[in-house]
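Single-structure report; data block below.
Per-chain numbering from 1; labels A, B, C and D assigned in written order.
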Amino acid sequence: MANIFPRWSNWLPLKIIFCLLTLGGGVSAGVWYYLNPEYMRVGYQPAQPVPFSHKIHAGQLNMDCRYCHSYVETSAYSNIPTTQVCMNCHSQIQGTSPKLQLVRDSWQTGKPLEWVQVHKTPEHAYFHHSVHVNRGVSCVSCHGKVNEMDVVYHAQSHSMAWCLDCHRNPADFLRPVAEVTNLDWKPQGDKTQREIGAALVKDWHVNPPVKNCAGCHR
Amino acid sequence: MSKRVFQHPAEAQTGKRYWRSLGQLQDTPEFRTWLHREFPQGASEVEGNDVSRRGFLQLMGASVALAGLSLSACRRPMKYLVPFTKGVEWSVPGKALFFTSAMPSRTGAMPLVVTTFDGRPTKVEGNPMHPVNKGTTDIWAQSSVLDLYDPQRSQSVLSSGKKSDLAAFDTELAALLNTAGDGAGLAFLADGSVSPTAERLRHLILAKYPKAVWASYEPNGHELENAAVAAAFGADLEAVPRLDRADIVLTVDRDILGVEGEISSVRGFAAKRKVDGPKSKMNRLYVVENRYTLTGGMSDHRLRLPASRAGAFLKALATELAKLSGDAGLASLASSFKAPETKFKDKWVEETAADLWAHKGGALVLAGRRQPIAVQALSFAINASLGALGKTLELRKSATAPTVGIAALAETLKKGHTNALFILGANPIFNAPADIRWTEAQAAAKNVIHIGMEVSETGAKSNWHVPSAHYLEQWDDARASDGSYMVVQPVILPLYNGVSVNELLAKIAGVEADPMDLVRQTFLAVSGKKGDITADWVDTLKSGYTKGSAAKPVVATLQAASVAKVLAEAPVLTGADKDFELVFITDSKVDDGRYANNGWLQELPDPVTKLTWDNAALISPAAATKLGVHTGDVLKLTVGDKSLEIAALILPGHADTSISVAVGYGRTEVGSLGRNVGVDVFPLLTSTESRFRVGVTAVKTGKKHALAVTQEHGALEGRGADLTRQATVAEWTEKADDKTFFKKMGIDAHAPENFSLYSHPPLDDVHAWGMTVDLNSCIGCAACMTACQAENNIPIVGKEQVINGREMHWMRTDRYFASEGGDVDEPEMVSQPLMCQQCENAPCETVCPVNATVHSEDGLNVMAYNRCIGTRYCANNCPFKVRRFNFFDYNERSITSLYRWNMISEKGMADSLQMQKNPNVTVRMRGVMEKCTFCVQRIQEAKIAAKVHASDSAGQTTQPRVPADVFTSACAQVCPTDAITFGDIRNPESKISKLKDDQRGYRLLEYLNTENRVWYLARIRNPNPKMPDAARAGSASKGGHGHSEKHESAHTPNGGHA
Amino acid sequence: MSKTALSLETPPDLKRPALVSNDRSIGWVSHNVCDIVEAPTPKWWLLAISITSPIALMGLICIIYQISNGVGVWGENHPNGWAWDITNFVFWIGIGHAGTLISAVLFLTRQKWRTSINRAAEAMTLFAVICAGIFPAIHVGRVWYAWFLAPIPNTNAIWPNFRSPLLWDVFAVSTYFSVSVLFWFVGLIPDLATLRDRAKSKLARTLYGIGALGWRGGNRQWRHYEMAYLLLAGLSTPLVLSVHSIVSFDFATSIMPGWHTTIFPPYFVAGAIFGGFAMVLTIMLPAAKIFPQLNDMITRHHVDKMAKIILLTGSIVGYAYLMELFVAWYGVNKFESFTFFTARANVNGEGWYQWAYWIMMFCNVISPQIFWFKKMRTNYIVVFIVCQFVNVGMWFERFTIIVTSLAQDFLPSSWGHYAPSTTEILTFVGTFGIFLTLFLVFMRFLPMIAISEVKGVLPEADPHHHHPKH
Amino acid sequence: MSQSRKVYGLGAEFESAGALLTAAAKIREQGFSHWDVHTPFPIHGMDAAMGLGKSKLSAVVFVGGLIGLLTGIALVSIPSFILYPIIVNGKPYDWRTGPAFFPIIFELTVLFSAFTAVGTMFVFNNLFRFYHPVFNWDRFTRFTDDGFMMVIEARDSKFSETRTKALLEEIGGKHVTLIHD
């Protein structure tokens, strides 16, 4: 009897194996890249109901973050300013600008503004703003250069691994508490960030939870 | 959650401000932590409907699933941040605010501090400044928060069953009052917790309508006691036991440490029970009772006696005392009292009498509130002759003027002249004594207006039902059990448009004032001051009560004549010899049924029987053998022409000819949780001389009823010396210098020294958290369990799941019956709170395949819920079985739909219940293991507060450290006897760092080398050496085999499901 | 196996019963084994699979229900965090040991009689391991997060706990399954070639052809083939011992009285072989009845030998039981002795599961003792019955170990009874459906007997065997 | 098959294992190198008869096993000791807890070895080669039943259609056939 399979079938297995390897590699690479907060979160930039520009307020006008996010030093939560806060200035400045129509409506009707949330801590993680800003972690470390953003976007991945980067080496990120809201701060003089940070870690006895899951997960 | 919540009641803000300033002003540790305490994720700013913290794991699951479908789906679903339009004063998103308040109750209101997050009260704690409770509370206060958010509360005015509104009611009310004239046609029925303001309005009303009838009724109230006091000492007085002064206490059928005592009594007793060495003085407790109660559990000597024989016992005691004291008056009183002939354990009465007499002035005898007036009067006579009056037994004027009883009111109503009957909170149709036939009486009234938090059986049969506000929603005032005046502040606007009783009364009285002014006027009257009282008012709101307003004791002497009269006229108890007696006991959870729809309370195991979601006929093992029943067999109880069927529950230590049943179950007009739970025994209750009935016959019906008992096994199996270590004062004195006396008991006595091949990785945090539990002062009241449930968002699982053994309580109070030689008739009862022992070498950690439970540097066995995949291996390897697994999605599924296919059954939790959840604690989903974490959320908040406080201040020698004892765990905070102590064992100033090295300190299963962080302080018994049964004290820990085998059923009430 | 040129002379034949009776020829073997596959589908087979497959389906439905509603639909509770789930897992994984053991250990020890049973036994192993794998997979509360067990880098920077016996299980069971599959398939290659070359239909020829990987039976292939087979056998032997040892670590490394026992690994392995052989016989005996032509290959001698092994391992298990009791009595630990004498043996009437314990004792220790008698060892009926006892007994052994230790442990307050739920029972029944269905399919489409290996042990196969050619 | 196609070799069938064994010995003496015998089962002594040494497979598998071992060690130690050491059950995070890591290391070693063994066997045996000239000889497939075949390839230097055919017949080969590619 003759051969069951044609000649070319001898190469088939190799080809199949090759395809499978490529496919598998491709899939894992895709998962690795796309299902990663680095991709999923960073750059998330939803349109806001009111075209509020941090660039103008925090950048050009050089307003301090804490003017609006007033509780960041006392509360776990960095609050979104009330309409009241907007109106403090905008009852005088640009009182008629159509951009601010929603704000004025809200002020008159009492119906709150609905801002789209950009940075969201997972529900099982408890991030505490005040303990960070009071211990020399700058806004910029997590939120990026908001003072240069017209529309706020997600600047960092906010993944657990990312949190741990800082919790493991705080020296690379800490700065004097006074400079926390200064998003453009650079290490002063001849000192590097690491030297400054190391000094602060030593003086303040900084030891963020690393092994202690309960530090963030309760 | 509804937006209303965030509009803080304007009035409340004053309270807020003062309270807050008080925080800075009064620098007590509690306040410092409270002020420092903060929490993430201002719930107010995440959109109302988004309750993602509840369903967070599902969300994660969802996003993972979506990821597979399309990459765009990887972006998180759009969420909105909704800030206030105008900032709310004092409200900082994510920070707690605290208000003083008080929980009204017939036994004296509970002084409270209410925790609110973004305008939502989430937890109550005792008011640490109030002398009565010093920051502690009880199960009812703890679970009252759940009542507030109960989605099945009455939510609208009902006009003869149909939905109506307040306006309509007001016009109707006006019409009624116009025709009221002198009030001849008006009648009022109030419940026992009458506030001073209500009392004031009552007088105004009676002034306006002099002929109106005002009655009050509490099914578990003090009517008999008041009558007895009146007989013994004169009218409108009340007798206050001072256990904090008593060295020898004898309770006769009186659960003074349980449901028949106030928190002041409990704390007083505990104060006398605290010991720091064999030398320290300790009180002695004699208990005579028909069933095991918490009091009996704490007793040094216990006599098992049917309630109907309490009189006989007191008679015998009085006779003995009369002999010793030569008090002829007492002798004659005793002899004039005709009690059935009874035989007591030899020398029991004699020795007890001798001991009491020996401690003349420091002795106290208490008779049960259910006992006939004569018996209670006799007990007062005995106290008088023991010189207790003004010392261990104080008398004071009662705050409320006397009223007619419900029976009298029923008679009036039946005459049919009543035009309008106002029922204020009471629920007589359900819980009035059967023989007064209240239903007919109520029907005889032309208009019945019922105000209450739930429609209830009574509201359903009334022409008008008005939803009343929860005490956290209304301005009111109250008196603590020491009589001090407290203001009840609203911390949230009424969720369901409830009206406070005061507002209603004000309308009737024609008083025009807003609710706060009503209270302020009362305050003015109470303070007895003239002119501007703002300062005092402010001070009262600050501290939660008016200082120096406690009731003053009055000097009173025994009115022998009237007592003699009462005793002589007392009917002789007949039929007590044959059949059983039936004792109506106050339920330790739902009280008279008012808390029937509170899931926390329904699921809370009864401290003694460990029964949940039910009531049962408690009988002794001997009686069970006689009747041929086991736990779960349904009995038919017949007394007179009435009878009912109820499941039997065998309780060791119960009197053989006695049956005890808890009232308050079997409600029909109530939310779904409480409906038809248990059996209604009120039909057997009559307004007779006493709250027990004799001549009851019990027969086995052959039916079965599954009882949900959380502790299947009550015997110690000879492990008493390992688990619950005890010693008598004598034994302890002998070993006073032996540091290892309590540490080397049971298996630890001969187990070799532990040593490990490994060196423990450094637990190098500045803190090291630990806990001690003083078994000597723990009465086993289970308040800690409720506090834990409220603090840690612990779900309820329902009766069926409890039967399956899946209750979720993170901590439990174990209750053991044990005695040498396995005597089930008169065993000892030992309670032991058991929470996660936070082993330094935690066996649960190494077996977890995904590192979901690991150890923190400050010595906690922490649990990362979102990492857990639910293998349950950790729970298996836990020697204490304190880990709890979410077998179902208890937070997302109603307890009735657990077995319906997930994809087709409804999900989600009522908004109002979501509002109750503690935003600092993750709500766990199904398939996740959970456990006690020493309230790690409080620990973290405290650490964070310390770090924030430290900020960049230079020159710190260590890392920021939480000051000693500035905060504590929920269970330690609530504990009425301060038996639980939590703190930093590494901080030399902390209480615990000393307590844990106490000679009595020992750790469970030391030989396993788990290095527990929980120390138990051994229990010390103080028996009277002369007593016949002195030797039995502490026998539970003498290593004898717990119970005899043949009586296994006795402590395996739930043995049904193997 | 290859001998050197020097030893071309075979040793004088020992008086051993022929491995294949009636002096069958090489052709006869391939014909009769392949006949089973090539013959038209028999009625009984259709009947059987139409019974087993619905049962399997029911099992799957139960699993879906359990996953969608939660573990609560089972009977587990506090304190019994594990019960039927892990019992069934250990039960199946134990059965899954016989196949590899027969293939590997008997191969290394030159037990030629293995050749007629190893193929079916290996198939049985695979199917049993599949059933076993189901339970640990679905017993977790959140199956969809089971990938947390895999040590892959992730954005949480968290890794599994390599110290957890449960993770060891994951590695052990998956390794065991993979290696068994390889072992089985490698053995199949020459036989698939036989089927390929006998196949009539194009489809069959193609399919078997693909399976045979173009096998040409050249000696230059045989020598690598045999070396690979030898190495696989050498690897599987420690593997098969390790797997059940590791399963026993789930218990042995814990601190629960009744689990925390150093004797567990050998005791579990012996038990696995014990139960495995019982299951092999449970399947082979009916098969030999159904296919009379196999009777010359699966002879009484095979049954006799396997019965002997059951007797041996059964006695080892019995010894382990007694040793546990002895240690519990000899040691001073009251918790330990309570577990063994009260919770299990129930000498004083407070144990809850004594029935499970005594069923185990009778089935595993008493019943095999009948195999001391050759008459009994060679009586198929008796052997079959005893095997059923052993199957039952081994299940109850695991149940006893798991449930009694959890139900009544250190603190009496936390004691609790356990009762299985319907879903739980049906799931277990379902796995039997899966097991039998798979085996029926295997029976129908693959050679149940290792053709080339049997040929290899025929007298005719010996190059120096001379007898008249048929 | 058309005669135009090039010759692959000569095939002969022998009546028994013994006959094949002796024949193989003879062919080897003749110094052939590209030839093989195809049998239903491995014949004892055939390796020797054909002058084949021990298979190199085991050496490769050893390497495979070694890789497995190292992978296992890396897998358990790097995460537990370096990437994220966590306090678990009060055990130190270093090799003192080694025993706890052995099971996984062992399993991985076995796994890698097994896959290497099978993989290498496929390669050495040139399996997955579905088309092969020998199948063009219609009697060839009897080797899977009870045929004992010998095939001498044409590419062998000593090969010659006529002489080799004669040789095969001389040593007892039946049905000697020319196999075309």
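Following the convention adopted for this analysis, a contact is a pair of C-beta atoms (placed from the backbone, for glycine too) under 8 Å apart; a residue touches a chain by one contact, two chains touch by 3 or more.
Just so we're clear, the structure is a prediction, and the values are computed from it rather than from any experiment.
Asker: Quick check on this structure: which chain has its C-alpha centroid closest to the centroid of all protein C-alpha atoms?
Answerer: B
Asker: Please state whether A-C or A-D has more C-beta contact pairs across its interface.
Answerer: Pair with more contacting C-beta pairs, A-C versus A-D: A-D.
Asker: Between chain A and chain C, what distance separates the C-alpha centroids? Give it in angstrom.
Answerer: Taking the mean C-alpha position of each chain, the two centres sit 54 Å apart.
Asker: Express in whole angstrom the distance between the two chain centres, defined as the mean CA positions of chain A and chain D.
Answerer: The computed centroid separation for chain A versus chain D comes out at 59 Å.
Asker: Distance-wise, how many Å sit between the C-alpha centres of chain C and chain D, to the nearest whole number?
Answerer: 29
Asker: How big is the gap, in whole Å, between where the Cα atoms of chain A centre and where those of chain B centre?
Answerer: 47
Asker: What positions in chain A touch 2 or more of the other chains?
Answerer: Residues 1, 4-5, 211.
Asker: Listing for chain D: what residues touch at least two other chains?
Answerer: 86-89, 91, 97, 100, 128-132, 141
Asker: Could you check chain B for residues that touch two or more other chains and list them?
Answerer: 57, 843, 846, 851, 854-857, 867
Asker: Chain touch graph shape: choose line, ring, star, complete or other and state it.
Answerer: complete
Asker: Which of the residues in chain D come into contact with chain A in the complex?
Answerer: 1, 85-87, 128-132, 135-136, 138, 141
Asker: Chain D touches which residues of chain C in the complex?
Answerer: 1-5, 8, 25-27, 30-31, 151, 157-163, 167-168, 171-172, 175, 178-179, 182-183, 186, 189-190, 193-194, 196-198, 209-210, 213-228, 231-232, 235-236, 238-239, 242, 246, 249, 451-453, 455-456, 460-466, 469
Asker: Which part of chain A faces chain B closely enough to touch in the complex?
Answerer: Checking each residue of chain A against chain B gives 34-35, 39-41, 44, 46, 71, 74-77, 79-85, 106-107, 110-117, 120-124, 126-131, 134-136, 176-177, 200, 203-207, 209, 211-215, 217-218.
Asker: Could you please specify the touching residues of chain C with respect to chain A in the complex?
Answerer: The touching residues are 154-158, 196-197, 205-206, 209, 214.
Asker: So in the complex, the part of chain C that touches chain B is made up of which residues?
Answerer: Within the complex, chain C touches chain B at residues 65, 68-73, 75-82, 139-146, 148-149, 158-161, 163-167, 170, 250, 253-256, 332-335, 338, 348-350, 352, 406, 408-419.
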